[in-house]
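The following pair of complexes shares a single chain, subunit A, combined with subunit B in the former and subunit C in the latter.
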Partner chain A sequence: MPSSNSAVSTHGLGISYGDAVALHPLTLDVQKGEVFGFLGHNGAGKTTTIRLLTTLLEPTTGSARVAGHDIISDPLKVRAAIGYLPENVRLYDRFTTRENLMFFARLSGLEKPADAVHETLDFLNITELADRRVGTFSKGMRQRVGLAQAILHRPDVLFLDEPTSGLDPMGVRQLREIIDRLNAAGMTIFMNTHLLSEVARSCTSIGVLAQGRLVFRDTMQVVAARYDEHSLEELYVGVAAGHSEVAA
Partner chain B sequence: MTPSRLLARQSLAGLMRDRSVLILVAFFAAMVMVTAWLGWSATNTVNAIYADAAQYLAGAGQPVPSNPVGQSAPLAVLRNLGVYISLIGTFGAIVIGQLLIEADRRAGTLPLLGTRPFARRDYALGKMRALGVATGAMMAVAGLISVATLFTIPSLVVRSADLARLGLFLILGWAYITTFGLVALGAAARMPATASGLISASVVWLVVTFVLPELTANIHPTASINPVSTLAATPDSAFFRVTSTLLGPVSLSEAFAWLSGDLLSFLPDGLAPRGPVPPLVTLPLALLLAFLFALRSAAKLDLTAGGPDA
Partner chain C sequence: MPNILPSIRGSVMTIALRDAREQLRDRFLFWATLALVVASTASLVTGAIALHSDAATYAAARDQLLALGKDAAAIAAPEFYPLKLMRGMIEQVEIMGAVIALVAGYRAAAAERGRQTLALILTRPLPHWAYRLAKIIGGMGLAAVSLGIVIIATAILLPVVSGIGLGTDDALRLALTWAAGVFYLTVLFTLGFGLSLWARSPASGLIAAFALWILVVLVAPQIGDTMDPDNQVAGGVFAQLSVPKAEQDRIKAGFAGYETFRNGIEVASVTKHFERFTFAILGIKDTYTGAPVDKVLAEKRGDLLFLFLFSLGLGGLVLLRPINPDRLTKES
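Entry: the complex of A and B
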């Protein structure tokens, strides 16, 4: 049951395309202030889950609330309360970082978009990219500008889909530091990832999705007490392969 | 500023930075200038011949008739404009309509737009607003060149009524090319592959421009690019009477040509519009249907798709 402290709560949330089930009914609760790591193989349904929670897709079964709003009956309120960084974000190549961010800030309904852009660039330490065209950026630079558009309006819940994908070790470290700072500022973070090392370092709780079903869910405190870094991988491989005996 | 206005403004800014759009608009403007030059040149030729003839007749002591340029309708010198609007203007609108959706899809920004607090319909309205402004700008360019031409041709007397008719013609042209732009916008929204969206809208345009006139009145494709031969009467045969009645209402290019001829005063006397539905009904109805198609398609656009490889 969702509590008043839930940032994300789903009840039997699922989606099918004809006979093909993309996500089996998923019941999940992520508390406010958590950094939730959502693990799973490619095609397990992680991105589909995020797309449902961000209102990009409509579920065929179940319900969900994000930041206290129903994703089906109140999609606009959900969108106003979330930020989203898809995997491989690109933005408008012919526009500068500032032009891109001003556009998204205005679309988010911010009263002082220029101030929000300035503060966000400053927060992410990318002020030097402000007046450069996005089309000239490396993957890491794009990822940071993409993150900037996701947090411009200081959302309650931030959804990150494979945020470290394609980043070099320095980029991964910088992203981790940013996630820590955002979380410290009170933002709930829901993160799809493959990187177990990132999960171990950044997340306060994890869930493992396998073939469209949630097969494991616990806090990192419990996980850390039961598994060391090596056995975390064993845990993941085990539950993802369907070894139910290790699922909590 | 409303979300649809923001989206329209951003889309227009993107179009203005797109080289293919700029080339198309420049080409359209160049062809309008060619139209103007053709009108100017033809009128000048008639003026020169008249001057020689008048001098000869006066020298022979015969009466000199008035200059035929002054007797013909001044807007008729712009008769080729309708053809260029129908061909290049429409193709430009198709490219713009397709690009308005494709730009977001290729930029991978659809998921970012889809998670912003505005309704899906606002997205569709924003794109259509951008299309309307872009095609309006094209027609404004055509209008400026046309007015400049009318006032630089000697012996041509342009009255305010003529300018009003030219204004109506430009509005008609805007509605005509925007109809095809909306079809392209809707097709792009429904078909994720770039080529599919563009080709399907182009096929609609080609059928309307070249195939339907052949079926309704035996107007061959080469004749379709001539403003005068396009306005041929329906051949007196049972086949064309039937096809003209059935297909006339959807033969938009013929409806546009008929109204263009009427507004620019070069419509042959007594030529009836094709089919039982008046062009003044056909074209607004087509614009409305294209609007609804684009609205529905863009509002249902898959916002999860996109990226550089889309």
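Entry: the complex of A and C
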């Protein structure tokens, strides 16, 4: 049962396309203030889960609440309470960072969009990029602007889909620092990732999805205590392949 | 998070205005409009040259008759209605304008999918149909501006090449032509946008839009046109055979079913309605040359209504059909 402290709670949430099951009924609870790492192979159903939780997709079974709102009956309230950064976002490359952010700030219904843009640029230390066209940016710079559009309206829950994909080590490090700061500010973060090192460093809890099923779910504290003889990589490979006895 | 959800109208305007700003920077619209202006101007000049040639031939013939001491009334003076010279412009809008509108619609969808901004917009607190409405309004605005420039440029050039200034009645006819053209181009923009948004890849959507356009807009009316026996002989078969009007009507009554079928094929094309209306209002079609605006409107309002309802219907279809979340990127 979802508690009043739940940021994301799903109950039997699933989706099928005809006979093909993209996500088996998923029951999951992510508490407010957590940094949740969602692990899984390509095609495991991680992006589908995020698309369901961000109301891009409608489930065929089950239900879910995000930031206290039902994803089916209250999609607009869910959207107002979340931020989303998809993988490989490019934004409007003929527009400057500021113009891009102003556009998304207005769409988020912010009363003072210019102030929100200024504060967000300042928070992410990218004020120097404000008046440059996004089309001229490197992948890392673009990712930071992408993150800026996702946090402009100070969402309760931030969904990140493979946020470190294609970033160099410096970019990965900067992103990790930003995630830590956002979390310290009280934001719940739901992150799909392949990078186990990122999970170990940033996440407070993890879940592993394999072939559309949640096969593992626990806090990083418990993981570290129970599996200290294994590397996190061995644990991941084990649960994803169904070879380990784990608590799901 | 904000306490108040943004207004749908505000979000629609935000998206439509952003599209307009991007089009101005992209320069696609600039070059497309310029190409349309050049093509329309070339048609206008060609028409004017032909008209001047007719006038010169008439003047020479009249002078010859007068020199022979005969009455110049024996030969008919060439009719001169400057708006008739806009036939070429209308034909350019029908074909070239349609291609530009289809491509603009494709680009409106492909760009959002390619940049992943579609997913960012659809996770904002606005209903998904509002996004599609905004894109169609944006496309309609671009069609209005682009066609407005083409018509204004042609209208400025018209008195120069014809030597006759345009009056308020002509301005009204041009305004009605513009309105019909905006609906026509919006239909094609919406077709290109909708199919590129729904298709597995936007390029497949564009190909499908072109195929549909060629079939409905070019092939079908051509078949309908060819099936009209009156079109098979220059000047009309009845006129050539000198068949009296009463006899014509009697013969036609015997082919009423065939004629309904033939006309049905022809009028299935949105282009045909655009052409019928504009050719009538500008007096390009001889039957309507010099006819008052209200009379033409009374007779041709069905074509204008068809354009309006067709764009409304197609727009409604795009609003009703949801976006496939698996097709938020360029390659799905």
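Throughout what follows, the second predicted complex is superposed on the first by the 241 of 248 C-alpha atoms of A that agree within 3 Å, B and C clash if a C-alpha of one lies under 4 Å from a C-alpha of the other, contacts with A are read in each partner's own complex, and residues count from 1 in each chain.
As a convention for this text, a contact is a pair of C-beta atoms (placed from the backbone, for glycine too) under 8 Å apart; a residue touches a chain by one contact, two chains touch by 3 or more.
Small disclaimer: the values here were computed from a predicted structure and weren't measured.
Looking at the combined model built on subunit A, do subunit B and subunit C fit side by side or clash?
They clash: once the shared chain is superposed, the two partners overlap in space.
Determine, under the contact definition given at the top, whether A:Arg154 touches first (subunit B), second (subunit C), both, or neither.
second
Applying the document's definition of touch, where does A:Arg94 land relative to subunit B and subunit C: first, second, both, or neither?
both
In the overlaid three-chain picture, which partner chain does A:Val21 touch, first (subunit B) or second (subunit C), both, or neither?
neither
Look at A:Pro86 in the shared chain and tell me whether it touches subunit B only, subunit C only, both, or neither; answer first, second, both or neither.
both
A:Thr54 in the overlay: touching subunit B, subunit C, both, or neither? Say first, second, both or neither.
A:Thr54 contacts both subunit B and subunit C.
Going by the contact rule set out at the top, does A:Met141 touch subunit B (first), subunit C (second), both, or neither?
neither
So, A:Glu111: does it touch subunit B (first), subunit C (second), both, or neither?
second
For A:Ile72, is the partner it touches subunit B (first), subunit C (second), both, or none of the two (neither)?
neither
Tell me which stretch of subunit C runs into subunit B once the two are superposed: 24-32, 60-68 or 240-248.
24-32
What is the shared patch of subunit A, the residues that subunit B and subunit C both contact?
Comparing the two interfaces on subunit A, one with subunit B and one with subunit C, the shared residues are 51, 54-57, 76-77, 79-80, 82, 84, 86, 88-95, 103-104, 106-109, 149.
Residues of subunit A touching subunit C in their complex?
So the residues of subunit A in touch with subunit C come to 51, 54-57, 67, 76-77, 79-82, 84, 86, 88-95, 103-104, 106-111, 149, 153-156.
Going by the contact rule set out above, which residues of subunit C touch subunit A in the complex?
1-2, 4-7, 10-11, 14-15, 18, 21-22, 25-26, 114-117, 119-127, 325, 328
Under the stated contact criterion, what part of subunit A meets subunit B in this complex?
51, 54-57, 76-77, 79-80, 82-84, 86, 88-95, 99, 103-104, 106-109, 149
State the interface residues of subunit B toward subunit A in the complex, per the touch definition above.
Interface residues on subunit B, with respect to subunit A: 1, 3, 6-7, 10, 13-14, 17-18, 103, 107-109, 111-119, 303-304, 307-308.
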